[in-house]
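These notes are about the structure you will find just below.
All chains are identified by letter, namely A, B, C, D and E, in their written order; residue positions are counted from 1 within each chain.
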Amino acid sequence: LITKTDTNPFFVKMKEGATAKAEELGIELKSFAGKIDGDHETQVQAIETCIADGAKGILLTASDTSSIVPAVQQARDAGILVIALDTPLSPIDAADATFATDNFLAGELIGKWAAAKLGDDAADAKIGMLDLAVSQPTVGVLRDQGFLTGFGIDVMDASKWGDETDPRIVGNDVTQGNEEGGRRAMENLLAQDPFINVVYTINEPAAAGAYEALKAIGRENDVLIVSVDGGCPGVQNIADGVIGATSQQYPLMMASLGIEAIKKWADEGVKPEPTEGKDFFDTGVALVTDEPVEGVESISVKEGLDLCWG
Amino acid sequence: MSESASKGQDYESSLSGANQQVAEFEKREGFVYKLQHALHTNPALVPLIVLVLSIIVFGLLLGSKFFSPFALTLILQQVQIVGIVAAAQSLVILTAGIDLSVGAIMVMSSVVMGQFTFRYGIPPGIAVVCGLAVGTGIGAINGLLVTRMKLPPFIVTLGMWQIVLAANFLYSANETIRSQEIAEKAPILQFFGNVIQIGSARLTFGAIFMLILFAVLTYALTQTAWGRHVYAVGDDKEAAELSGMEANKVLVSVYALSGLICAFAGWALIGRIGSVSPTSGQLANIESITAVVIGGISLFGGRGSVLGSLFGALIVGVFTLGLRLLGADAQWTYLLIGVLIIAAVSVDQWIRKVSG
Amino acid sequence: MSESASKGQDYESSLSGANQQVAEFEKREGFVYKLQHALHTNPALVPLIVLVLSIIVFGLLLGSKFFSPFALTLILQQVQIVGIVAAAQSLVILTAGIDLSVGAIMVMSSVVMGQFTFRYGIPPGIAVVCGLAVGTGIGAINGLLVTRMKLPPFIVTLGMWQIVLAANFLYSANETIRSQEIAEKAPILQFFGNVIQIGSARLTFGAIFMLILFAVLTYALTQTAWGRHVYAVGDDKEAAELSGMEANKVLVSVYALSGLICAFAGWALIGRIGSVSPTSGQLANIESITAVVIGGISLFGGRGSVLGSLFGALIVGVFTLGLRLLGADAQWTYLLIGVLIIAAVSVDQWIRKVSG
Amino acid sequence: MTVQPIVQGRGIVKRYGHVTAINHSDFDLFPGEVLAVIGDNGAGKSSIVKAICGAVQADEGEIRIEGKPVHFSSPLQAREMGIEIVYQQLALSPALSIADNMFAGRELRKPGIMGSVFRQLDKKAMEKFARDKLTELGLMTVQSINQAVETLSGGQRQGVAVARAAAFARKFIIMDEPTAALGVKESRRVLELIQDVRAKGIPIILISHNMPHVFEVADRVHIHRLGKRHAVVDPAKISMSEAVAIMTGAMEPPPVEEQQLVPKAAA
Amino acid sequence: MTVQPIVQGRGIVKRYGHVTAINHSDFDLFPGEVLAVIGDNGAGKSSIVKAICGAVQADEGEIRIEGKPVHFSSPLQAREMGIEIVYQQLALSPALSIADNMFAGRELRKPGIMGSVFRQLDKKAMEKFARDKLTELGLMTVQSINQAVETLSGGQRQGVAVARAAAFARKFIIMDEPTAALGVKESRRVLELIQDVRAKGIPIILISHNMPHVFEVADRVHIHRLGKRHAVVDPAKISMSEAVAIMTGAMEPPPVEEQQLVPKAAA
C-alpha cells in the first residue's frame, strides 16, 4: 500500500482498513508513503522497493498522476497487480483498476447544496475558496471546479483553479489542508472582503481553521462553510454547526476492496472490473448534512458518523 | 613606576617624557552622524525601518483597508506563531547554530498537551506543563548532542526534526482534537486564543505573549551575563572558552530554552487554530529562519538583535497580507514574497553600507 | 649573507654558528598510523566506511533480497537525482554558502525542456540546451546577488527558491507532460532513463552520469587552480582575496555551475520519472543538504571532499531501501533515518577523534 | 631548603596528529619569580604552556600545581584556581566590547534586586574598571570602552588581553608573547606591569622572542628546543648571545650543575 | 635632480565608521630604498599601507604609483602591478597547504595538454619552489610543505607570508610587522632577506615596532602619529631615542628642512 502521505488521517484510515482486511485474509501488507503531499519521487522508490521485494499487488494513491506511470508500468511488467486508490492515474488505464472517489462529484454535491441552501441569495453570494496548495494538485482542482460547477459558476479552464472571472468569487487562497493554513487563508480573504458568506474548503481541517477565523470576528453564524472528506472530526463539526455540509468519501472501503482484489488476483488471476459507465470503480460519495435541501441527496450526520473515518 | 622606566634599553630613555595625549579624531556631529551611529549600535533598527516603510507603502496603496487597527492587529495575530518560533530560532542562530527541529517540537508539545488531557484525562493545567517539559527536554537533548558529541547543530536538529515529527505522528495516531471539545473540557489549552478588543483592534493573548517574549529575551541578551555569553559563543566559541566562559553550558541552555519557547508556540498554536492537529507547523522551520535572517541576525552567529527577528516576521506578515489585499493571487504572492525577501535584505545591506 | 649577519645586535653574533638542524619528531609507523594518516588526508574515507558498514549490515539482515546486483543498482537509481543535486550543493557549501534553490532550479529546467518541446515545438535537442541554459542562468543570478549585493547566500537562494518555484507553477500552468508523449515525440528528454542491463544489474544512464559527474568534480577540485580557490574562498574569503584570488569570480562560477548541474538533474529527472512534472523535487533541498553533511563537508565551508556527498547520498539510499525491505512502516522509517543521520555523523566524529 | 614549585611538569608529551610538539619535557615555576621561556619558532613553547593551563590536554606526563597533581580538562578550571593566561592568539571575542571581554565569565551584577533576581549586569562598574586598567597600561588610545574588540588595532587588542590577565590573576600568569604586536611605549608598559605583578608576589611565565625584554625582567630563562627543555639559565650569569646560541643549537648548554633549575633564593 | 617616487600619497583620509584612522596623511616611497614606518599602536600605520595597496579604499586623497594616479579597488590590482604585501593578519588560507598558499592566484599548470586543456596543477613544481623559498628563509622546521597552514606555529605562518611576498614581488613590497612573531634566528633571516630584496633594486615599506631592526635596515624612517605623517627622518642622523621621542610625542619633530622627505641620493 502506497499512500500520498501517512500524516493525513484519510490515508491513515485507508491504511488501517487495508491492514484489517489483510489480516482477515492472511495477506502480508507493507505500507509506504510520500513525505509530503506531491512527493511522487518517494512513491516511485516505494514501487521499486515492492518490485525488489517481490510483491503481488500494489495499492497506490498517486501523488502525481502521470509521473508515476512509468514506475507503475515497470511493476505491471513484473507481474504485479496495480490498483489505484482514491486518485485515478493519467491515463486511467495505466493501472489495472481504480477504486476511487469521484472528487469532481464530491465538489459538485456541496456546490449544489450550497446554492440550494442560499436560494435566491446565491445570485449575489460572496464566495471564498480555500484550496490546497499553489502547485494545484489534481484532487484540489477537481473538488474546487466541481464545487463551482455545482454552484453554477463558469469554471473556464477546468484543469485549473483561480482563472474564474465570476464576480461572486472573492478570491482563492491556499491552506496546505490544515487548520493553521485554513485560518490564515480565511483571514486573508476576510481582509479583502469581510462580507464573504460562502466558504468552500478543500478538507475539514481547513474548514475548522476557517471557522476559527470567522469566530474571531463574530461571523461564524452567518457564513456557510462546505467541505469534502467526511472524517469523523469533520462530521462531528457538522453536528456542531461548524460546517454546513461535507461530501463524505470512503477510504476504508477503497482499501478493503483493494486488498480483496489483490487476494483474488494472487489466488485466481482475476482482475477487478470498473463500475458501469465509468472507467473506474466508484467507491461512492455522500453528502452529509443535517439540513437537507431539495434536489440534492444527502445523509444525516448520524448516518455520516456511522460511516466516518479518522 | 618611573624608576623602572630607566631600566629599559637606551633608546627608550625618552619615554618618560612621552606625550600622554591620546589620538584625537574629528568629531562629526549632526543628524546624519547620529543616525549612522544609531544604526550601528542598534542592529534591529534597519529591519524596523524596512517594516515601517512597507507599512507606509501598503497603507498608501490600500488606504484604510490595510491601515486600520483591524488589519494591523490581524497581522500581529497571523505572525504570532512564526514570531514566537523565530524568537527560539534567533537564540540558536546567535550561537552560530541552527534549529531545524523548532516546528516539530512545537507540534509535538501541542499534541502532548492535547493527548495528555483527552487520552489520559490528566488535568489540562498539568498537561500543559508536561507539554512544556517535553519541548524543553527535546531542546536539551539537541544541546547535549551538540556539545557532548560535538556534532554540527544542523545535523543534530535535522535528525531530531525527523525523529520528533515521526514520533508525533506515531503517538498522536494522526488524530485531531476538535476545537469544540477543547473549548468545553479544557479551555486553558486555548488560553492564548483569548482576545482583548479595543475598538476594532483585536489583540490575542498569543500576540501579547509574543511581544512580551521578545522584550524579555532582549533584556536577557543585552543586560545579563548569560546574554553576553550567548553572543561570545556564537562569535568565536574557542575564544569564548579560552577567555573563561562555560561555552557548553551556554549552548545547552540555549537549545533547551529554544525547546521551551517552541513548546509555548505549540500552546499558542492551540489557541490560534482552536484544535490540536499533528499536521500543523510544517513550514515553521523555513518561515522562522526567514524571519531571523530578514531581521539581520547573521547565520554565522554572534551578530544581530533578537528584536530584528520580530520585525523580520512582521515584514513577511505585512507583505503577505498587503499583497493579498492588492489582489495578487496565491502563486504571485508566493513569487513576490521571494522577491521581497531578497529586496528587504538588500535594503538592509545598503543602509549599513551608506551608514559606513 | 654572512656579512650582513654581523650587522645585527651583539647578542645575535652567535647566530652564524647556529645549528641548522630542524626539529626531529618521532616517526610512528605501522598500520594504525597509516590508517590515521589516510583518514586525515581523505575526508571522504569516513563516510565510505559508514556506507560499506551499512551495506554489510543490511546484507546480513536481508540476505540476497538486499545484497543482489538488482537491489544494489536500484539504490544507485534511486539516489541518482539526489546525488546529482548533492554534487551541486557540495560546491556551494564548500564556499561556505548554501543553495536552497537547487530543487526549484532542477524542476524549472525540466519544465523548460518539456514545455519548449511540446508547447513551442522547438526541437527537443535545442529545448534541452535551453533548459540547461536556464538553470545556469538562475545559478549565475544567485552568484551575482551574493557577490555584487553582498547578500547572504541563504537569503538569496531562499528568495530564489520561492521565485523560481512560483514561476515554475505559473509557467507550466501545473501541467504534467506525460511519459508516453515524451517517449513518442522527444525521446532525447528521457535520455538519462536508458538502461544498461548486465544480468539483473540495471545501470541507468542517469546513475552513470552521476558517477562521472563526481569523478569530474573531484578532479576539478583537487587538481586545478579553480578547485584550490573554491576551498580557499570557503575557508576565509577575506584572506583568499588578500592573497590574490578573485573570490567573487570564483563564487559566481560556483553558483552558475551549481545551476547547470541542477539543470542536468532536471534532465535526469525526466529520465527517471518519465514525465515532466512541475511538482517534483520539493524535497531536493533538504535531501541534498543531508547528503552533503553526512558526507562530511563542513557547513562553514572549506573542508571536506565532494566524494563524501556521493557516499552521503548513498548512505541515505541504503538505509531507506534497507528499512523498507525490512518492512518498517513509513513513519518508523523516517524516525530511524533521523536516528541514523545523527548516528552516522557521530561515527564520523568519533573516527576523526580516535584518529587524532 | 627546597621551596615547593608553583608549577611542576615532568615528562610532558603532546602530539598533534603525527606532529610531536612536546617531547618529554619538564617544566618548573617557583613562587615570586618571572620565568622566561625562549626558543625557536615551533619549538613547542605555546604548546607546553597550553598543556599546563588545560587549553590542550597532554598525552603523557604529570603536572602538579603547588604540589597537587592536576588534570585540567579546560582552561576554566585553571582560571578558577587563579591562573590567568594571555594567549598568543589573544582569545578575545571579536564582537564584544572591551569591557565585556575583560569580564568574560566573571561579570559583575548590579547590587540589590536588579542584580540578584533580574541578574542585570552592572555595566557602569565594569566599564569603569576596564577603563582604569587600560589607562594604567597607557592604552587609552582606544576611543571608547564599548568599542567592539574587532575594531581595535592588533596592538590595542594585545593590550586588552594583558590588562585582563593582570587584573584578575591570583596564582600565576602565563603570557605568550604579550608584546609581539605592541609599540615601544606600550611594550615598556607591559614590562613595567610584569614587574608590578611580581612585586605583588604573583609569579609569571613569559614567552618572548625579544631578548632584551627577556633579559630585563626574567629571573630565570627556560630555553626550549625541539620540543624539550634544553636548559634553564640565570640571565645574570649568561649573556644574551650565549642564550641565543644555546637556543639555536650553536652552543651546548652548560652542564646541569651550572644551570639555574631552581631560583637562587631556593637553591 | 628629482627622482620620481614609486608611491606618492597626498592628503589621504580613511574613516572606519566614526573612527578616523588616517587624517590627511602624506606618504612617499622612492626607488631602491627601505622605508620604515613607525608609530604607536593605532597610529594608522596598517591603515595607510592598506589604502596604498587597495585592501581598503581611502575616503579622500590621491595615490600615484610611478607618477600615475591609481584607484585600486582590490589588492589584486596592486598585485598585478607587481606589488606584494605581507599583512599584519597574514592573509593565509588556513585549510590550504603551504605550497598552495604561496601560489594562491598564480598557480603553475602542468606543461603540455594536461595543463592547457585539463588545467591540471603542477603540484611537484610548486612544492619544490615553496620548499626552496622556505629553506632560504631558514624556515624548514615545518615538517611537510603539504601541511595545512593552520597547523603551523604563529612564527612559521609569518615565515610563509614573508617568503611568498619576497618570491613574487616586482615593483615593491609592503611588510606590516613581518617579524612580530618570529624568533631571533628567523627575524635575522627576514632582515637579511629585506637587504637582499633591496639589493635587487626592489623598494620595501617596513612597518615595525622593533627599533633596532628599523635602524639597522631602513634608509628613511617615516614617523606616523595620530593618523598623520609626523616626520620623516634619516636613521643615520637621528638616534633611536630621538625617533622614539618624536613618535610618542615627547619631542617636537625636526623642522621640515632637516627631515629626509626624499632620499639623500635624490635630494
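Throughout what follows, a residue touches a chain if its C-beta (ideal position, glycine included) is under 8 Å from a C-beta of that chain, and two chains touch if they have at least 3 such contacts.
Note that the structure is predicted; figures quoted are calculated from it, not measured.
Q: Counting hops between chains that touch, how far apart are chain A and chain D?
A: Counted as steps through touching chains, the separation is 2.
Q: Measuring centre to centre with C-alpha atoms, which chain is farthest from chain D?
A: A
Q: Based on mean C-alpha positions, I'd like to know which chain lies farthest from chain E.
A: Chain centre farthest from chain E's centre: A.
Q: How big is the gap, in whole Å, between where the Cα atoms of chain B centre and where those of chain D centre?
A: The computed centroid separation for chain B versus chain D comes out at 40 Å.
Q: Approximately how many whole Å separate the CA-defined centres of chain D and chain E?
A: One centre to the other, that is 30 Å.
Q: As a quick test, compute the distance in whole Å between the mean CA positions of chain A and chain B.
A: 37
Q: Touching at least two other chains at once: which residues of chain B meet that condition?
A: Answer for chain B, listing residues that touch two or more other chains: 11-12, 15, 18, 23, 25, 169, 331, 334.
Q: Among the residues of chain E, which are close enough to touch at least two other chains?
A: 16-17, 19, 42-43, 89, 141, 143, 184-185, 211, 244, 248
Q: Would you mind listing the residues of chain A that make contact with two or more other chains?
A: Those would be 6, 36, 134.
Q: Quick check: in the complex, which residue numbers of chain A touch chain C?
A: Where chain A meets chain C, its residues are 6, 30-33, 35-36, 38-42, 44-46, 48-49, 52-54, 63-71, 90-91, 134-137, 141, 159-160.
Q: So in the complex, the part of chain E that touches chain C is made up of which residues?
A: 55, 74-76, 79, 85, 87, 89-96, 100-101, 104-107, 109, 118-121, 138, 140-141, 143, 164, 184-185, 188, 191-192, 195-196, 212, 216
Q: Touching chain B in the complex: which residues of chain A?
A: Touching chain B: residues 6-9, 12, 36, 131, 134, 162, 171-174, 176-180, 182-184, 187-189, 191-192, 205, 208-209, 211-212, 215-217, 233, 236-237, 240, 242, 310 of chain A.
Q: What part of chain D is in contact with chain E in the complex they form?
A: So the residues of chain D in touch with chain E come to 16-17, 19, 39-43, 46, 88-89, 139, 141-143, 151-156, 159, 177, 180-187, 209-211, 244, 247-248.
Q: Which residues of chain B touch chain A in their complex?
A: Residue list for chain B touching chain A: 65, 71, 74, 77-78, 81, 169, 173-176, 178-180, 193, 195, 202, 269, 272-275, 277-283, 320-321, 324-325, 327, 329-331, 334.
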